[in-house]
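The two complexes that follow have subunit A in common; it is paired with subunit B in the first and with subunit C in the second.
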Partner chain A sequence: MDGQAKTILQRIIRKIPNKKLEVTLKSWDRLSTEQLESLDCTQPKWLFLENLISRCGEKRLGLKAVTKLEMVYYIDNPNQGTWQAFQLMEAEDDAVSVSFTQFRERFKANLEEDFRHISIRMKKLEDGAIWIRIAWGDNFRKPNHLKPTYVVHYLQTPYVFFLNFMSKHKPFLYEALFRATRHTSIKEAHLSGRSLTALRDLVMRQYQQVFPTKDRTLKERNGTPLHPNIEKEHAEYAERRHQMACEAFGDGILPKLERAVYKLETRYRGNSSNTLNDKDELFRGVVKFSSSNLLQSFHHCVATGIVEGPVTPLLSSITQKGKNYFVITDKVPGATH
Partner chain B sequence: MENVRQQGVLDHLMMLERAGTRRTERPQHSRLEELRNAIATLHVKRDRLRIETVAVKNLKQKMDQGMPLEDHDYGDLLQLEKALLTSRHMKLKDLQSAHSLIAGYDLMECNQGKSVCVSLHTAFEGVYVETYNMEVDLTRTVQISRHNIPPYVPLEMIAKQTLQTDFKGFLQTLSLHLNALAGRKQQISLIMELGTVKVIERNQLCNFLILMCKAQEESETVLCTLEYGDLTRYLPTRVTIESENTTLVESQQWRKNRLLLLEFPVHCALLTMRKMGSIA
Partner chain C sequence: MALLTPYSKIPELNTATILLIENEERFQTKLADAIVQQEKDVNVNVRLARKLPLPLENGDSRPRVDLVVFVVSLRSERSLQAVESSLNYLASDYYLGKVCFVVTDARCGTLAQERMLRVRRLAASHHCPVLCAEHQTEEGIAMAAMRLLTILKVSAGLSPMATTALYLSSLTRCAAAPELDDD
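And now, the complex of A and B:
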C-alpha cells in the first residue's frame, strides 16, 4: 500500500468512532470475515491502523479499495464538511427519462475526455441518490486522492450537491453534468450547510410542512385535560402561535441548518438627521444568524411568543424558497435571488 | 373585578371557593326543572319552525306553478330567498366534501382572500395514499407560493401551460399526475409484497421499472421492463420481455403475459401469471 493510500486510511480511521468501526468495515466488503474478527476495535487507533494495514496487505488491497472505504464512510456520515446546493436549469425534453446507466456512461465519458488522469467512482443508493467521488489529476499528474470532490445528484430532480468543490474544476464538472442529465445551465441555489440530509430535505420538501387546513384547532394535541378544575387560559393563544410557527418553519424534526445570511444593499432609512441619511450610496451590511439548529430556534421563538407574529417573509423564505443566503435590495420588499 | 385585583390572588380564590360551595348547595330537583323548561322552549321553537317551513313550501309551490302572488306572500319572499340560498350553500358544501372524498382536491380560502390553499388527495384502488398541499397567491397574478409536491413531478411545466389561463384545468392535470404517481408507487410496493418477483431497477418518478421473475417450467429468469411514457396514467406504455431462452419469450403464453402487463396494474398481472403457472 503506497503512502497516499496509507494517509487516506489513517484519516478515515481517525474520524470513525470505535463503536462504528466494525460496521463500516463490514459494509466496505473487502476483508474476509476471519480478518474482520481478528481486528480488535477497542485498541488505540494507531495500533488498530497498523493491524488493518497488514490485513489489507494480505489481500493486496491498495488505493482503489481505500477510496471505496472513504466513500462508504461519507455515505454513512453525510453530515460533515460544507455542502453547497445547485440547481440545474433548462431541462431538455428527455431529461425526465434519463436512467442511471445512461447518466453514468455519459458523465464518465465526458470527464475522461477532458482529463487524462482522473478517478471517478459512482454509487446509486436505495433512495435514488447518486454519489460520485472524483479525484482530480491533469495531463501530467496522477489523480490527487487527498482532495476529492463529492457530488450527490438525485435523478429526475434538478438538484446537485457539492462537497470540496474547487472553482478551477467547475466548468468541466458543469459540462459533464449537462451532458449526463440533459440540462443546459446550472445556478447556485444559495443554500449551504453542514448537513446534506438537511439541504436535501429543504429543497426536495421532505420535511413536515404545515398548511392551513380546515380544522385549525388541534384539540387532540393537548390530550385530555389533567384535571377538570384546571383550565389553560392561554390555550388558544398558544395554539395560534404554534400554528404560525409550524406554517413558517415546519413541524416535527426540522432540517438542521447552521446559518442564514442576509446581504443588505439598501439605502439607510432613519428618522434622525444622521449623515447616513443624506447619502445616496447604498448602506451595505450583512446580517448573519447562526445556531446549532437554526430552524428549530426560530420555531421555538415564535411558538413560545418570544417573537411576535406574523412571521416576516424574510425568515419564512428560508423554508419556503429553500435558501439560506439572501441579497436584499430596495425594489423588492422581500428576498431576491 | 377591580376590587378583586387590589385585594390579591388569595382573596380572589377564596371568593371563587365560596361561590362554588354555594352552587352545590342548590337542590337536585332544580336541575330537573331546568331541563323541563328547556324541553318546553324547544317544543315551541319546533312548532314555529314547522309553520314557517309549511309557509315557505306553499310559497315555493305557488311560484313554481306560476300563480300570482298575493300581498301577504311578499313578506315570506325574503324568507324563501334566504331558505333557497341556504339550501344551495349546503348542497355546494356537500358536493365539495364529496369531491374531496373521491380523492379529488379541496380548496380553502386563507389570508383573507389573498391566497388559497389547495389540498390534493390521491388514491389507488380505493385506498387513500397521500395528500399534497399547495398555497396559491392570488394578489396580482396567480402564483404558487409554496407546496410540498416532490420535485420530480413536472409542476413547473404544468403551471406554465395552464396556471394563468385555466385554474380548474391546471388542478385537474396536476391531480391526474399525482394520482398516477401514487398508483405507480403503490403498485411497486404491492409487487414487493408478492415476494417471488424482484424489483431490479426503479426510479423516483416510478416511470421505469425492471422486474425479475422465475419462469415456472424451466426455472429460467425472465426480465420484464415496463416503461410508463404517459405520466398521467398508471399503466405502462411499453413492455419488453427478455430472457436467455428466446423460445420462451416467443411462446404464446408469454405473449399473452406481455399483453396482461400492458392492460392491468402490475401486481394484478403478476398474480394472474402466477395463478396460470407462468411464473413462480
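And now, the complex of A and C:
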C-alpha cells in the first residue's frame, strides 16, 4: 500500500464512527472473514488503522480498494454534506432506453477524453440509483482523492444530485451527463439539503400524498377513541385543518427537509413607515426557515391550528414544485394588489 | 352573534355538562378523561372546544352547558388572546358563577407573570375564579379535575347543600391584585 492510499484510508477511517466500522468493513467485502474477526473495532482509531493497513497489505489492496471503501460508506451514510439537486431537460428520443452499461461507458469515455488523470467509480444499487465517485485531476496532476465529487442519478428520471461539486468542473460534468443520459440541457432544481433520501423523495414524490376529494369522510385518525361522554365541538373543523395540512405537505412520514430559503426582491407595501416605503428601491431580504424536519413542522402548525388556513402557496410549493430556494419578485414592477 | 346561554335548555336529570375551551387542545383531552373517570355518581358530559363561538350545527345536540372553563397556557400569547375574544360570546348569565379560568404553565419565567396578572385582571373583572393547574403530571391533572368537578356540581345545581352558583362565586371569585384595585 503506497503513501497516498494510506492517507486516504486514514481520512476515511477517521470519518467513520466506531460503531459503524464493522458494518462498513463488512459491506466493503475486501477482507476475508478471519481478517475481519481479527480486527477489534473498539481499539483507538490509530491502532485500528495500523492493524487495518497490515491486513490490506496481506491482501495487496491498493488505492482502488480504498476508494471503494469510501464509496461504500457514503452510500450507506449519504448525509455527509449538502446535496444539490439538478434537473436534466430536453430529453432526446433515445433517453428512455439508456441502460446502465451504456451510461457508464459514455460517461467514462467522455470525462476521460477531457482529462488525462481522472478516477471514476460507478455503482448501481438495487433501488436503481447510480452512484458515481469522481476524483478530479488534470493533465499534469494525479486525481485528488481527498476531494471527490459524488453524483447520484436515477436512470430514466431527469434528476441528478451532486455532492462536493466545484464550479470549475461544471461544464465537463454536464457534458458527460448529457452524453450519457441523452439530454441537452440542465438546470438547478433549487433544492438542497443534507439528506439525499429526502431530496429524492421530494422530487420524485415518494411520500404519501393527499389529494383533494369531494366526499370528505371523517376518519378516525388517532387510535384512542374518546369516552362516550366527551364530545369535540370542533371535530369537523379539526378534520378540515388536518386535511388541508395533508394536501399541502403530505401525510405520514415526510421527507426530512431541513431548510427553506425565500429571497425577497419585492417592494415594501404598507403605510406605517415612510422610510421603508421608497417606491423606487426594492425591499430586499431573506427569509429562512430551518428545522430538523421542516415539512413536519409546517404540517403540525397547520394541523393544530397554530397557523390559520388556507396554506399560502409560498409554503405549499415546497412540496408541489420540489424546491426549497425561492426568489420572490413583484409580478409587475410598482404594482400593488 | 351566536351567544351561548345557560338557561335556554332544560336540564337533564342527574346530569352536568362542562365545556372546556383551550386553543391549543393539549391539556383539555387529558383533563376531560380525568373528569369523566373521576365522577361516578353523576353523569358528566364534557364538551371540548378551541374557542367560542361554538359551531351552529352542533347546537341541537349540545346539552345545557353548566360550567364554562377557559384553559389558558401562560406560555403562549395566542392562548390568552383566544380566551379574551371568546369571552364576548358568552351570555351575561354565565358570569354569575358558571365561568372559571384554569391557568397552566404558571411556573415559567417572567413573561408568564405578566400574563398571569392579565388573566387575574380579566377574571376579576368578570367575577370568575382562577385555578392554577399542573398539566404535566397525573396527580396535577387529577387534582384539577377534582376541583373543576366540585365547582361543576354546584353550578349544575347538584350540590346537596343549599349552595348556589351565585353564592359560591361570591366566595371564590378572583380578587384583583392590590395594585389593580383602582379599576
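To be clear about the criterion, the second predicted complex is superposed on the first by the 320 of 337 C-alpha atoms of A that agree within 3 Å, B and C clash if a C-alpha of one lies under 4 Å from a C-alpha of the other, contacts with A are read in each partner's own complex, and residues count from 1 in each chain.
Here is the rule we use: contacts are C-beta pairs under 8 Å (C-beta built on N, C-alpha and C of every residue); 3 or more make two chains touch, one makes a residue touch a chain.
On a predicted model such as this, the values are computed, not experimentally measured, just so you know.
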Quick one: subunit B and subunit C on subunit A, clash or fit? clash
Subunit B versus subunit C as contact partner of A:158, first or second or both or neither: first
For A:227, is the partner it touches subunit B (first), subunit C (second), both, or none of the two (neither)? second
Examine A:97 and indicate which partner it touches, taking first as subunit B and second as subunit C; both and neither are also allowed. first
Just checking: does A:204 make contact with subunit B only, subunit C only, both, or neither of them? Give me first, second, both or neither. first
Pick one for A:128: touches subunit B only (first), subunit C only (second), both, or neither. first
With the two complexes superposed on chain A, say which partner A:178 touches: subunit B (first), subunit C (second), both, or neither. neither
Contact breadth on subunit A, by residue count: subunit C or subunit B: B
On the A-aligned overlay, A:304 touches which partner chain: subunit B = first, subunit C = second, or both, or neither? second
Given the touch rule stated above, what does A:236 touch, subunit B (first), subunit C (second), both, or neither? second
Between 9-17, 27-35, 81-89 or 171-179, which run of subunit C pushes into subunit B after the superposition? 9-17
Across the two complexes, find the residues of subunit A that touch subunit B and also touch subunit C. none
Which of the residues in subunit A come into contact with subunit B in the complex? 96-97, 99-100, 128, 154-159, 203-206, 209, 211-214, 320
Residues on subunit C engaged by subunit A in the complex (per definition of touch): 19, 23-25, 29, 32-33, 36-37, 43-50, 54-55, 58, 62, 78
Which stretch or stretches of subunit A touch subunit C in the complex? 226-227, 229-234, 236-238, 304-306
Could you list, by residue number, the parts of subunit B that touch subunit A in their complex? 106, 108, 110, 117, 119, 133, 135, 145-152, 154, 201, 203-205, 207-208
